[in-house]
Amino acid sequence: MKMSYRAAAGLLAFVLLASLLAPLLAPYDPNQINMAQRLAPLSSVHWLGTDTLGRDVLSRILYGGRVSIVLALAVTLATMLVGLLLGTISGYAGGWIDEAIQIVVSIFQGLPGLALMLAIAGTLGPGVKSLFVALLFTSWADFSRVVRGEVMKIREESYVEGTRALGAGHVYIIGRHMLPNLLGPLIVLFTIRIGRVILSIASLSFLGLGLQPPAADWGVMVNDARPYFRSYPHLMIAPGLCIAAVSLCINWLGDGLRDKLDTRTEKEHSLL
Amino acid sequence: MKRTQTAKNKKRIGVLFSLCLLLALMGCSAANGSNESSGNNGLSQQSAAPSAAADAASEEIVLAAPRDLAPGPQDAYYTSTILYVWEPLITASEDGKPAPKLAEAWEMSADGKEWTFMLRKGVTFHDGAPFNADAVLANFARYKQVSPKSSPFYTLDINNSYPSLKEAVKVDDSTIKLIFDNPQPTLLYSMINFSSPMYSPNNFDENGDFNGLPQGTGPFKLVQHEKDQFSLLEAYDGYYGEKAKAQKIRVRVIPDPDTRLAALKSGEILGVMDLGAIPPALAEELLKDDRFAVSTAKSTISHYLHPNGAKAPFNDVKMRQALSLMIDREQLVKELYLGYPTATANILNSTSPFYKDIPAVHHSEKAIALAHEVLGDSRQAVTLIVPTYGLDRYPYKAQAELLQAVLQELQLDVTIQILDGAAYKEAQAQGNFDLAMATQGLPNGDPYTILNNYMASEGSSNKSYTLGYTNARVDELLNQVKATLNMDDRAAIYNELQDIAAEELPTIPLFNDASLIAYNKEITGYGALVYGTTLPQLERVQ
Amino acid sequence: MAYFIRRLAAAVPVLIGITFIAFALSVASPGDPAVELLSMNGFSQPTEEQIAVKREEMGLNDPLLAQYGHWLSKALQGDLGTSYMTKESVSGELLRRLPATLSLSLLAVLFAVLLGVPSGMLMAIRRNRLFDHIGRALALILVSIPGFWLAIMLIALWSEKLQLLPTSGYGTWKHLLMPAVVLASGTGAILMRLTRAALLEELNKDYMLTARAKGLRESFIVLRHALRNACIPLLTVIGSYFGAIVGGSVIVEVIFAVPGIGRFAMDGIFRRDYPVIQGYVVFTGLIYVLFNLATDLCYGLAHPQIRLGGKLR
Amino acid sequence: MSDTLMVIKQLDVSFQTREGLVQAVDGATLELKHGRIFGLIGETGSGKSVLGLSLVRLLPAHASVSGSLLYKGKDLLQLSPKEMRQIRGREIALIPQNPASSLNPVMTLGSQLREAIRAYAGRTGSKRLNAQAAGLLHAMNMPDAEQQLRRYPFQLSGGMKQRVLAAMGLAGSPSLLIADEPTKGLDALIRVQVTEMLANMARRTGAALLLITHDLDVARVLCDEVGVMYAGQIIEQGPAKELFAQPMHPYTRGLIASMPSRGMIPIAGTAPSLTDRPAGCKFYDRCGSAMPRCEAEQPDLYKSAHTEITNKETEPIDGTAKGQQAAAKHKARCFLYA
């Protein structure tokens, strides 16, 4: 087991490093169009061939990784922070505050995501910013539900009640007892979410959310390769494998971290 | 114990199911690989395909379209004209000129205010009602009642197609007369197809909507319709002309282009139709399998690059000229559209009989010089907006990326913004863009509407797309053409307008689209037309 | 009972909130329904006057709250209005399309349960053995696969190659198989993990030791004791994912040409057809609320403590 | 020796954990006899529950067990899982600790009891099953036994649950009953009731009872023989009265001194970690009478010096040879008696 975690970490580190060093490693400018070299097969010149505009696929994958990973990290982190904040307040405060927040959560869970995202893209203009906000708006509710459940469970534990009896402040209790206990589940949630986010970024770029061409992340590359997958499967397979590999590694590490940090509540994590 | 037994079964099912999924996944990657290695595994499939398809479809031919070609009884037309269910008084010939359909002949009075139409005799509607002057008048009464009525195909608007119509009169059983307040020299053009549809007078309810399936005079009857699923056509035995060759044709709705391709390859459908029937990249893919063929014709759709002429840099005509010179239209058409469309520098679609051939000039050095003249040494950031609906039918994303790369040489740093249709229109209307990738369909052969919309200072497209184009001479010409009855004189004015447009570029024309369809070679007689297909000639290969 | 009445009452502000926000979002989105209506044929360009007249006619110039109030008062009388574009009754159209979406979603949930629960159980029983590792990897892969990709691959295999299933359409159970599998894949993977986790948690509980000490067969113990307890959290998830499946079926409906409410809603959203958007939101909102209630009910049935009126924990 | 039911020899149990190898039971040797109660006492974590579970082979999968468990002449460790399953419930029954969580919360008491009966009785009519189940509860002094069958665990008090669990354990008329801390979490009054009931049941049916407890009073009053566990080892073992009257091992002495009735004097220091156990006497660090050899050398079990005396003392009470035999067995793992 330990070996497999190490392998996963190694692979992930390799991908991250390769993406970070993209400017040094990429053999070509990722956006350099070469109409004479359209849809070239794998060769020693273009290791992973070229796409429909003759751009080098390997270079685009290297650069795409930066966008995919950084964006996915940022979006997931932000979603978690919001979910954590509202979930903690909701679970800790209870009473009418909890009920009010829960109604808002239900509303956001019940709203069709597409309408929400289009409205956001429209008001903020297309681009990474609106993508960020849109993903935040559509996914914080699930997170906060999980956090709330977790907090309510911890709140009932005897040691928390004991601290409260000793006259500790709310901030102290939350900071000292809740957050450290939430860390385990949160790390796990985080790792599970990232793979999904990479995929949603891809599907959203078609609504004018997120990355605008020619910038491409892996998900966008998979989408763009759709009409060509029968004759040029490598265009879809290469970025697809990258997504699968990264999300597999992250999830595997998440499983490992969970075993380390948190043994009680595996079931909530698999919810997300 | 019973319980444990069922439990075991349950487990077995679970294992089986996960195995199936795994197999599917592996099988797919295998399918992928084999396709790559052998381009035409068509031979092996050919033997299998007929056995699967033959029994069910021995008389029914199944086609597919990306959208429902029969929006239903609330629609102005119920079905698109390309299903050949209803027919108009006037249709268009292949060169875009008005041609007889249910009206066999016509006559314009000298002042252009009275038009007499001689109707085809011996025609009956699908419901058995005779087609005659009374039926035509009933249809005109409906036009009046429901105008303007929207439809995904056209807007039925009597005030637009028959401006200043005073009345429609029956002369005798097979002759009617339309009387106008003002001269209508181009009436025939505006009556083409969607402006003069004829249905049985018993086909309407009190609101002018259809009271059941449409009862037209066409070679096909619509016998069954499931919204967003299929339309079932049956040959009309009582058709006055050459009867449809296929007894039954089912037109299915398959919105996704990949699925349509798969359905073609599996033999489930034998052909595709309608706009965007098969995107060029998929047509190339399909043709690798020699069971299939494509057919093309000119299309009424033109592709443009709309500049925002209300602000710098494209308020400067030199900059627009630089754009036009810089873009290698031939390359664009050849590489991204597989050569089916035709590059053009003319604002007017080539299906118009008034179309003047203006060759596209590609001259990078000149373009760069012009841009430098306008921008000096500075670079300019510009925004190119792309509508999402363009991405489904056309390789618009690649086209945008290509333009972005090309325009770099004109000292333009292009930012691409993909916007959904409605947002795109709003950005255009508010001028929140510099360049917009756009398409425009030609409603009928007479170019007045399109030229007026784009080039008149107060033209609706000019305004709503923020083209910012004004030219006093153009306004004068457009006024003049309205009063010109002689077709040759009109043609001369249209020619001048086309020349002005090519010179001053209110918008930058890129190419005339091609109408592209694909079919299985098991059927024959199926070809693309400017608008629609040769559906009545379609039949199974014997 | 009082519990359910309270839950039902809590659903009212949620539904009103959902519809109001959906309405406000529609109005806030760039684009104008009047323009969309007048230019729906793709080539006419309406003039500013025409647009102004149409807007007035459609009541789009009224204040937002007035428009919403108008809609709400009609909706409360059961009238969801007519589509701007097709002029057809929104509720009629939604009801006509509902069977397609519901049958698809129900089949998808069934598949997800059939995939997720038994394999999750086996994974828990064979924890850290080969089956467990394969299962976990499979679940991860299923979660990471884009739905459209799975759809294309399934069509390529089952329709193009083997010609056993129709590529698309609606009508027979065969038509529903592939879209349901695509919809089920993600949820099934999640259920796999969840069942495994829930069952593992139960397997470690003290009552399992009691049962084992009785000398009962292990498989019997797992099914009769552990699974029954593990079902309780599973029910909640299956319920809430049903809502997600109904809402998330748009892409699948397009690829497989299923005439469901997702496609209708997407057209409505793209054309700014407010009555259609609102109608869709009411429908999905209702489904969401009803299914949450239904799972609460099941939860109560599975949990004697709630059924018999006791308090939880 | 005909009354010997089970002989446990050199039982070792260890767990592989992330922190290393945990030696939970180390060389435990003891004998269980028909109709007699053996008490296993010790602090939490001393390995007594693990020892109990290992007798029915219900330890988690990652435990490794060695030694021999001779039950009626068969070594349980050599049995197939299926054979072992047939032993459980009808030969050896376990009454688990934590009555609060040891009943399935979503099943009625009746169905849980019926299950236990069916496991040894095979198929019988549901009426007879119900009657038997009710009878079992009745024997445990449960009021309204019939009604109780339809109730769920959350509707019962802790003491009632414990009785249900005991009823389940006795359902198969086992020859050996292992009661793992049956009084844990119960209040004092019920504690006495429950344990007395168990002891009576054992005496009545002639079954052996292994009573695992940290409650020294219970052990002193009820048990015939007592073993004291510390850090996985049985460090002292002998007849209950003698062991409490004259504890040999310094740890036992400390343990007795820490009883509430003896002044509650706690033993200084903490028990060694099970992963990193000292090489010599496990109690060395905390022992007041430690000698140098205690640190490095592991003491064996040594017989008590006053065996003869105690023998005489116990004879009149017991009136049989059993007392003599048992007394001969009072021994401790300490060099003081070497």
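Per-chain numbering from 1; labels A, B, C and D assigned in written order.
The definition used in the following text is that a contact is a pair of C-beta atoms (placed from the backbone, for glycine too) under 8 Å apart; a residue touches a chain by one contact, two chains touch by 3 or more.
What you see is a predicted model, and the numbers here were worked out from it, not measured in a lab.
Chains that touch both subunit B and subunit D: C. Among the other chains, the CA centroid farthest from that of subunit D is the one of B. Inter-chain contacts peak for the pair B-C, counting C-beta pairs in contact. Put simply, the chain nearest the middle, going by average C-alpha positions, is C. With centres set at the average Cα position, the gap from subunit C to subunit D is 54 Å. For the pair subunit A and subunit C, the distance between C-alpha centroids works out to 22 Å. Rounded to whole angstrom, the centroid-to-centroid distance between subunit A and subunit B, based on C-alpha atoms, equals 41 Å.
For subunit B, the set of residues touching two or more other chains reads 32, 258, 388, 419-420, 423.
Shown for subunit A are the residues in touch with two or more other chains, namely 118, 122, 226, 229-230.
Shown for subunit C are the residues in touch with two or more other chains, namely 29-31, 141, 152, 156, 217, 224.
Applying the touch criterion to all chain pairs gives A-B, A-C, B-C, C-D.
Residue ranges of subunit C in contact with subunit D, taken from their complex: 205-207, 209-217, 224-225, 228-229, 232, 302-305, 308, 310. Listing the residues of subunit D that touch subunit C in their complex gives 53, 56, 58, 85-90, 93-94, 96-98, 101-108, 112, 115-116, 119-120, 152, 154-155, 165, 168-169, 171-172. Residue ranges on subunit A touching subunit C, taken from their complex, read 1, 99, 103-104, 106-107, 109-116, 118-119, 122-123, 156, 192, 195-196, 199, 202-203, 219, 222-223, 226, 229-230, 236, 240, 243-244, 247-248, 251-252, 255, 266-267, 269-271.
Interface residues of subunit C facing subunit A in the complex, by the touch rule stated above, are 10, 13-15, 17-18, 21-22, 25-26, 28-31, 128, 136-137, 140-141, 143-146, 148-149, 152, 156, 190, 193-194, 196-198, 200-201, 233, 237, 240, 243, 247, 250-251, 265-266, 269, 277, 280-281, 284-285, 288-289, 313.
Residue ranges of subunit C in contact with subunit B, taken from their complex: 29-32, 35-48, 85-88, 96-97, 111, 114-115, 117-119, 121-122, 135, 138, 141-142, 152-161, 163, 166-171, 181, 185, 217, 219-220, 222-224, 254-257, 259, 263-264, 270-272.
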